[in-house]
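Here chain A shows up in two complexes: once beside chain B, once beside chain C.
Right after this comes the complex of A and B.
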């Protein structure tokens, strides 16, 4: 019985494998090289596999570009966002980067320093009309631009805030730290929600520095001293940073936020588990669908130095090993038109980077329902430090913030972070 | 007298018999409860995955706090499955995974069994050293070899119907060839071959058989359980490959199914679609295991491999 089964298994595998192995070899040989393979073909990589709308809007630009001239042909290869960076870094290690690629904004200085990216020449005028947070710079050179930005916001419901007598803050008059804490306390004490606020602590990766370092900056601290990007001493462990850390920990000890959020805090908010949600503007579509006009998008609180939010989303650049940089630059200039900015922003429901594009995108026109997001970005956005050491800083900040939330001594945790960040900057000769 | 003795015997053995039965029953109940708990521990995540694949995202989370998470209740539909096929070239991914896994298994069975046969049956200098080196590679995790391997495959030449090319990136072979030779498989075969009497080889040699004939006609036909074990233990990691394809595959038409799950992790994660996709890509593995469950268990038991 057993031997018959095994024979059947072996036979099945052999029968299946013969044509498959042949197909494998035949297919293997036909794959194209990933960089510009001559003949005017420029390979482009994007993180949009799985995001049909955004990919279609990028494909539209490429189709228009390919149809507008005969010298170059751009060929799109889409990767899933979650693993895109690993794919790019692996390709860079193998010297197989494509000519044109998109990059998450905070990585631009590191990738420029590492020699992945080439500067974008001759686009200063065009890009001066873009939101500053959507232009990737390193050492006074522009390396990338993005069609859109996203904004951080506190999502809540007018009816909930009214019920607990909480003032609805505005850009001009955001909540003070005291007002914010008082609102959290009032809602917590009501017992109507699991937590008054969900700050999405279950998110991983870039979320922590993107979402929580603006709070630190609003307190007056920062991730690194931005005058020379050499040290975090005094800015990440000074009195302002300590105030932030103490307050951040109190969110958990006061039971204002869960130590570990659910897998999808936006869904928990829509299910009524939290009264307020600190998240990105990408939650707007679903929350509006759920709560209609009752939903409200609030600016973050002012902890002393004004409300702050993270700036910089996905941007486009060209690789240094592109064998036809002129063709890649021609594409980059072509693709920076307002109509394409509008097209991509509309497809993603994100914030268009230029005023002209915003006027073309429903909801982002002046006075439109999403105009407030653009105002948040214009008024409050702080880009993450433009140093190649940022990925290390981001990891270190994430670890420190998690330690603090879990009860580590704030001063010791911050001092250790500064020590590690400074050592990294120094060991890399300050990336000079 | 006899009656009295019988009565006494009955009256003294009766309580013992009852206590023994009770102990037996208690043990049965405990074992059953333990089995049930183990079933739940391993089965509930699968059940949750399948049930959630039929629910809208918001309901998945609202059901999380109760037993409803494991029950097909509420707003059930195939919407997530339609979403999966709309979002991902699923048939292509599945075909790629089948090509990669099956090719790795077949070539792995041939190469590793031959290597093990040589180590087990042939006599040559350095035999034990080679076996030791092969076994030593078992302790090196793949992650530490990934970058050097990437560099290596990127410099390899290839010749096929389209002519000569250099670099294996973005091909099928780069997903198959590095995983054909496997130290664990060689060891499994080696161990099994060692248990086959060498007198059979001697008898075959007397009859004029060469080493390949002995391998093909005597040793391999007797190594069925080892073949089944290696086939399944090679298939599973090949099917579950994730990191390596991320590093070496750029074209969508060459991506395996496991990488496809990343397509659903956007800023707004589509949890229902993730569950639907995970359900679909788990099915082939489950079917394979269930179909060959008996021979797999027997082969593991007989080859002395225990987890």
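Right after this comes the complex of A and C.
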């Protein structure tokens, strides 16, 4: 009796479950489809499902493109940023990549090497007007372009700097290392702030190499030797890098910066806990609202090789297993127009990549209040190393910088990072 | 006498069976058992057996998460690299410390709570619920909350300051970070083991306590000679489940410290996940997992052996 009931139950469950499983398979299989003989649907993936404004600005380009011709139809699928990279890697493994996709700048060489991305042909002229940090290159080929970049800056207040007699630095005359340290010391000794500077150590992930490797580069070190991208020996553990590490640790031991920042360092700055804030230009909107004209956005200090800031944000490319590469290329060319650069940059409040677009975005026109950010990017930006080994280098640098900040022996920590990075480059046959 | 009362039911059962047999369409109980095994079996094979098998193969290759090159066999390279890696030994040491501290700490705390909520009084269900609440809260949420509690100017240090104690930066100091994680993990999981202890306590017959008190046993003697022997099976279950949970320590680390500061909270599972996903070294991560598998297997076998030995002696 009982066994019969269970058997029936099992059968029912099986029958009920089968369509579900089939439906799941069917859904997975339909992501990148395109009719033969040119034309059809081009699937497009983007990471900005959580960013309403950016998604809307991309959607507008797609709508315009779909309306401008009848051959192709681009279909946008938005993903949340946290799971976007995993989705792309999984789709690549299953050979189900979409035709058009966006990529975080530093990942471009890795994905190009892995065969995810196809080079963008015939766009050299258009892209020569783009800021170099917004064009993704690998082995002399262009694989992606972005509409905007973000700059790093030291946010402070004129009134505060004036009170402590600190000179307001300019692009032509940034702070020297000594000036910067003297300013930090003076503000710390006054006791008016919890900390003179906040470098946002509570941020995780890509922030660490993005924000702190430019400091290393300003000292004269780097993440890897960029002549052949084979080894980090001498650049990440040489005397310049050691100077950076010693200085970086001294920020904490001298009580210039908190070892671990609060959850929202910009809020701490606006509440008067810190006198200066090292952050991306995304803080401009809120800090201006709070302090009005008093707020200033300063270039980072020059530690010997000039001020440096990170470059490269989200960019767009086409995948190698797109069945209609011509259509995808057509979209890429269409979408690179200045009005779309302006539209996306405005929606994200980031730095537009072309001069013509900058003229159209409020604040970024020459002499506008945000023009200085564009100047920072033009003058100081260093892209992260263009090697497929970069994602590994990023994790190693993050861990090493955290260990140094926490008091690890600088030389030993840097040597270990070099050893690991070199071993990884070598085990991949230097990505040749 | 026993035979006469015993026989009729047997024949009745047989009769019933033969009556029902034609209806079940010739399927043997074996087929039914297989069918019932199928859903669990498919899931186990897909998500457990195949990945474990793959680990054994991948650990000896240079497979990568993202690579245009096919993986090839590299012998024991991954293992020699692993055993020469300081972070691995630190992770292993942290994992062992975590397990060695939390197993007695958490099981004793759970037993204490179970004894407290085992009394018969009004409102005891309220306390049972309160102690159990952290268990039904997601570990991610609990970790985020304790992240705030442990901040240098967080709630815990504010309370300590009331007593004139200057609290440390719990998670930012290499000498307190692992301890802080242990306390928080025990707080989260203790309610679950309290319930297990409680169920064990309630299987001990009340007559035993009555007899003991008639014989003049003190509460301490009652606990040592009635309660504790009665909880033996529960104890073994709790020991094994806490140990396994302790070895797989990952979520708290990933959210609260990312293995830092200075590797003081890095664990073997955390290292494997970081190596396999953030650093894209699938083969190397498989080697870490394989070593971890061997360690957990050895500990489980040892525990089984020790607990079985005592059982035979009793």
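In this text, the second predicted complex is superposed on the first by the 393 of 432 C-alpha atoms of A that agree within 3 Å, B and C clash if a C-alpha of one lies under 4 Å from a C-alpha of the other, contacts with A are read in each partner's own complex, and residues count from 1 in each chain.
Definition applied: a residue touches a chain if its C-beta (ideal position, glycine included) is under 8 Å from a C-beta of that chain, and two chains touch if they have at least 3 such contacts.
Keep in mind the model is a prediction, meaning the values are calculated, not measured.
After overlaying the two complexes on the shared chain, residue contacts for A:78 are found with chain B alone; chain C is out of touch.
By the touch criterion defined above, A:225 reaches neither chain B nor chain C. In the superposition on chain A, no contact is made by A:233 with either chain B or chain C. Looking at the shared chain after the overlay, A:250 reaches neither chain B nor chain C. Measured by the number of chain A residues touched, the leading partner among chain B and chain C is B.
When the two complexes are overlaid on their common chain A, residue A:126 makes contact with neither chain B nor chain C. By the touch criterion defined above, A:176 reaches neither chain B nor chain C.
Legend: residue contacts after superposition of the two complexes on their common chain; A:360 is shown touching neither chain B nor chain C.
Across the superposed pair, chain B and chain C both touch chain A at residues 1, 3, 6-7, 10, 13, 262.
Taken in their complex, chain A has these residues touching chain B: 1-3, 5-7, 9-10, 13-14, 16-17, 20-21, 23-34, 45, 49-52, 77-83, 86-87, 90-91, 93-96, 150, 262-264, 266-268, 270-271, 280, 282-283, 285-286, 290. Contact residues of chain A toward chain C in the complex are 1, 3-4, 6-7, 10, 13, 89, 92, 110-111, 113-115, 204, 259-260, 262, 391-392, 395, 399, 402-403, 406-408, 416, 423-424, 427-429. Residue ranges of chain C in contact with chain A, taken from their complex: 20, 23-24, 27, 29, 32, 35-36, 38-39, 62, 64-69, 81, 86, 151-152, 169, 171-172, 174, 258-263, 274, 278-281. Chain B meets chain A in the complex at residues 57-58, 60-62, 64, 86-88, 98-100, 102-103, 105-107, 109, 147, 150-151, 154, 158, 160-163, 165, 167-174, 176, 224-225, 227-228, 231, 243, 246-248, 250-252, 254, 259-260, 262-269, 271, 292, 294-295, 298-299.
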